[in-house]
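Going by the order they are written in, the chains are A, B, C and D; count residues from 1 in each one.
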Amino acid sequence: MAAKLKGVFTPNLVPLDSRGDINEGVFREYIDWLIERGVHGLYPNGSTGEFTRFTVEERRRIVKIACEQCYGRVPVLAGAAEANVRETIAACEVYHEYGATAVAIVSPYYYRLSPESVYAYFREIALNSPIDVTLYNIPMFASPIDVPTIRRLAEFERIIGIKDSSGDASFMCRMISAVRPVRPDFSFLTGWEAAMVPMLVVGADGGTHATSGVVPELTKQIYELTTAGQIKDAMKLQLRLIELFDVMLMSADFPEGFRAAVELRGFDFGRGRQPLSETQQVDRVALQRVLQCILADFGVVDPPQEGCAVRTGAIGRDKVLQVTEAVIRELRERGIA
Amino acid sequence: MAAKLKGVFTPNLVPLDSRGDINEGVFREYIDWLIERGVHGLYPNGSTGEFTRFTVEERRRIVKIACEQCYGRVPVLAGAAEANVRETIAACEVYHEYGATAVAIVSPYYYRLSPESVYAYFREIALNSPIDVTLYNIPMFASPIDVPTIRRLAEFERIIGIKDSSGDASFMCRMISAVRPVRPDFSFLTGWEAAMVPMLVVGADGGTHATSGVVPELTKQIYELTTAGQIKDAMKLQLRLIELFDVMLMSADFPEGFRAAVELRGFDFGRGRQPLSETQQVDRVALQRVLQCILADFGVVDPPQEGCAVRTGAIGRDKVLQVTEAVIRELRERGIA
Amino acid sequence: MAAKLKGVFTPNLVPLDSRGDINEGVFREYIDWLIERGVHGLYPNGSTGEFTRFTVEERRRIVKIACEQCYGRVPVLAGAAEANVRETIAACEVYHEYGATAVAIVSPYYYRLSPESVYAYFREIALNSPIDVTLYNIPMFASPIDVPTIRRLAEFERIIGIKDSSGDASFMCRMISAVRPVRPDFSFLTGWEAAMVPMLVVGADGGTHATSGVVPELTKQIYELTTAGQIKDAMKLQLRLIELFDVMLMSADFPEGFRAAVELRGFDFGRGRQPLSETQQVDRVALQRVLQCILADFGVVDPPQEGCAVRTGAIGRDKVLQVTEAVIRELRERGIA
Amino acid sequence: MAAKLKGVFTPNLVPLDSRGDINEGVFREYIDWLIERGVHGLYPNGSTGEFTRFTVEERRRIVKIACEQCYGRVPVLAGAAEANVRETIAACEVYHEYGATAVAIVSPYYYRLSPESVYAYFREIALNSPIDVTLYNIPMFASPIDVPTIRRLAEFERIIGIKDSSGDASFMCRMISAVRPVRPDFSFLTGWEAAMVPMLVVGADGGTHATSGVVPELTKQIYELTTAGQIKDAMKLQLRLIELFDVMLMSADFPEGFRAAVELRGFDFGRGRQPLSETQQVDRVALQRVLQCILADFGVVDPPQEGCAVRTGAIGRDKVLQVTEAVIRELRERGIA
């Protein structure tokens, strides 16, 4: 039996070149950088990785690069959702050949399916996939996978875990109650870093956290402190992580805030696939200045030359937002003028 | 300037063969059958057409067949949403070559985007598409397109209309108020046949109605009665249409109930792309028996040999549901036994 | 049997004096004014009447004044929801003595109850009320009353109608389909004036419209045009009504925008029960200036001395909103300065 | 300055006698029983206490009894929400005289108010209440209180804490980040026992947990284990608590399942204020049988004579639900027969 998935997996953002194509060079460098900073696994083609905005061929190329560049240093959990069951199973086969550790498959989206349909969908995949499958529950974007359905699907050996992005600690408890007694090897990953510590405390095995693509040092430290029982220290960092997470999440449409942040770590990720309006382009410049201040506080980048407003712990978040607004106002005026 | 889109467009279901591939022969026959029964246009690759469950190549083939088989008898509004702006514009180019009348593009889905991002997305398409574009608002499944955004987008000549599936008559009024004074040629189509008459009454130009793929005779009649001002007669049919619509919509995950119904009109549509559980397969048999009774009432099919429960107008809907439940129970018992 | 409830009922706002108590004098004048302008009935203690913000004794006094002042000129539909079934039935008894025509009882709120509980609640009332009862469905604020439950409750003769504020024309169709065949006397009232015409077209008997408390002339005219089959003329006014409705609804927390508007008709309604922050007080002044321009367009008040921005039909709504924002900005600056 | 509110507060269910009035004798016994079993405080007139279903006079009597019966053994947090600000402040004055420790005031409900209105409402109370005030956020039932508003309200010394029933651990983190640096004495209580351990872990000071009215021994133990850092042991109990909580919450409309459970502890709580349909009465008998099995597992009551299905830890919950369904079916058949 394969090792249980655990720790912090990075849902990889994808760098693009000036023509809007995958920037393979930067992607490979970025993967090395992440692994060197201690992420426990990679997760290409997740929501953070904007899998819906790439073509079938591009999604395959992304996983291929990830598997090659990893060459076994850390596990690769490859997002394999395609247009329908047949195409998804085909992707499973390809990713198995590429050497991925397992695939993660988001529940059917666009249509909101009933639990029975969600079951039928994953059942078909479980029966035909040559590679281990992780369910991916993200009720904000896709058909929810409820606890009884997870329980039924856990009867398939091929299904080895679930990644849940609901952010609901009680739901995590319910899943664990329902599944762990019959499948102790089943892996529970959370996709919501704003609740990373509480999720680990109630029994999650780890998480796939977009912020680990920006500050892998920090998410690793929170994971290690929490699993070592040093909850109070972990919580101090958790609160600061939420500050960063909220700014990235709320100042732009997901995942543009994360793209803006990762650039500050020294990677040219290029323009995203979703076009930005003029207003949004101005906002993004302002957002980056604020993010630079937050990242400087973590000691991972230099502060901006023009300096940062004084920020005192978590309370600073509001100040940061005020600064954001002020900067945005200023830039908009200049932009319009 | 092209003629304004108006009347009832059929969002085409796609027949599949025994291998799960597009059944071109049945599809062509079905298109002829629809046009003969008076639908005013075709709408391939809509939500009813399960566009997300087909590959890029299949989506193109679907539009190609539709355009060919129509050869100008009625307009073709081709669903053109692809993974990203570039791919969507490429689809616009191809569908333009195929001779489609216009394309309909659903607002970005999976991620819930802000109005500003929705604007930026359609703006990019409007500036680059060689074919007229209809916005497609379906807030149940995709990022909502709000009235101010519609207003801004109506400034692009290339954008010629909106298909709205919210089912909200007040929203239709607000859109018309905001856009018609500046763009009298802008077409407003509703995608919610449960409000077909009220939507036409408040000023919609027509609709894309999945039920028109099952009972084109009926939707055509409702449209003609309403536009002729015979509202009371139209409303009698509207209430009966809702009965049929509700059974198709609520007895199975969309659009499986519509697939079940169209088969009763004599077309073999094959198994859908979304797998059905055993329970769902049994339910589907029961559903078809109920649907046959409703369609027999419209005089478009024969009643089932075993007869139908007495149904007296709209009140019958509850009885129908009771029958459904009874039949389902019976079949389930047999199915399990 | 009593006459079926039909036409436009005004959900009465309650004027308060300088101590925050019910201003009986103004309330009586206001009722006369409404009846003189042709409203078909009064509806005290509705949501617009802020029934939850008055004490038990005040609610009774409101109904008493309404019944006295009407003295049979128009029917009074009295809101009778109290803390529990026993208290609600007690209110029914009192309102019966006061001479109310019927009571309207909102579905249980705060807790979201299941259909079975909603049924049990109204069943108890139906069995014990000495006065006819209208169900009140407002899913935005209270437990929803679904179609099967309405159907079950329509079996009680004491229940004579439903007021539905969902604004969903399809839901209106479903209710009518389910109930009218067995209870042709059952009254269907809509509480959503943004869909007044479509609701009447699909079969509603009338509505309880907060805007009729501000422009009774206009709602009466829309009702009469629609019931006379002059739909196009009715729709022109419907679109203008939506403009007014939206500004009152969206520029302040409900029903403060309606309180601001009714004052422009010459009544001193005093400060509402829900306190306003300083910002909100400034906003209210700006809102009134905009409302005065809209009401001046209807010819029911004079325009403000400083004039109005040019407004051309429905498209003016955006302009109005722009003006609102400009005025608000200006006043805020002054307010803070 | 008063001691910070902390620990487990019991939101008191209210026993009723055969006429439906408050059963003072049982209520006093019940309060003694709770205090003897170690609850840290009482919380009369909360959602569990069905405050909306009592009259003004009854709510006062409930708090009076609670304060008297406690006579200082544990703090009393009295729910003080009334129809409007003036009445609420009057209740604050009365409860202050009764000797309550503080009041808890739910955000305005029925209407969904904006943050600015929520602020204005609590500001007015903070400026006029003679007794310390705890905000009560329960977005499921009432207008949400967002983090910036909590932060603004924390500037009033009179406001000493918040009870949050959102169940969202990330929201708890955000509140703590925003308020604790400026108000270290501010108390954070969670109202969602399905997340009791994670909430305490991220920094909550305690909770108001309806289950503590049923199994005070258990909630006390979870609280003590968690605050002592014995997280793993606490989590074992947390999972079992969720099992009980879910059955009480999901098998009947809140809080009827809790009323059914507390009766098993030996108190006659009488019929609730919200009437039950015949079906619901049968369901309630079945529910109690299941609850008795769960409570027997905790060792606090004897198992039912007819025995319980074998239950093995958390996994048993599904079995329990199966049993529930079986029993319900059986009883329904008997009930109908």
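Convention: a residue touches a chain if its C-beta (ideal position, glycine included) is under 8 Å from a C-beta of that chain, and two chains touch if they have at least 3 such contacts.
Remember, predicted model here, so these are calculated numbers, not experimental data.
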Hopping only between chains that touch, the fewest steps from subunit B to subunit D number 2
Ordered by label, the neighbours common to subunit C and subunit D are none
If chain centres are mean C-alpha positions, then the most distant from subunit D is chain B
So, in whole Å, the Cα centroid of subunit A is separated from that of subunit C by 47
CA centroids of subunit B and subunit C: separation to the nearest Å works out as 36
The positions of subunit B in contact with two or more other chains are none
So, in the complex, the side of subunit A touching subunit B is made of residues 20, 47, 52-56, 83-87, 108-114, 116-117, 119-121, 123-124, 140-142, 253-254, 273-277, 279-280
Listed in rising order, the residues of subunit A that touch subunit D in the complex are 148, 151, 167-170, 173-174, 176-178, 180-182, 192, 194-195, 197-199, 201-203, 229, 231, 235, 238-239, 242-243, 246, 312-315, 317-318
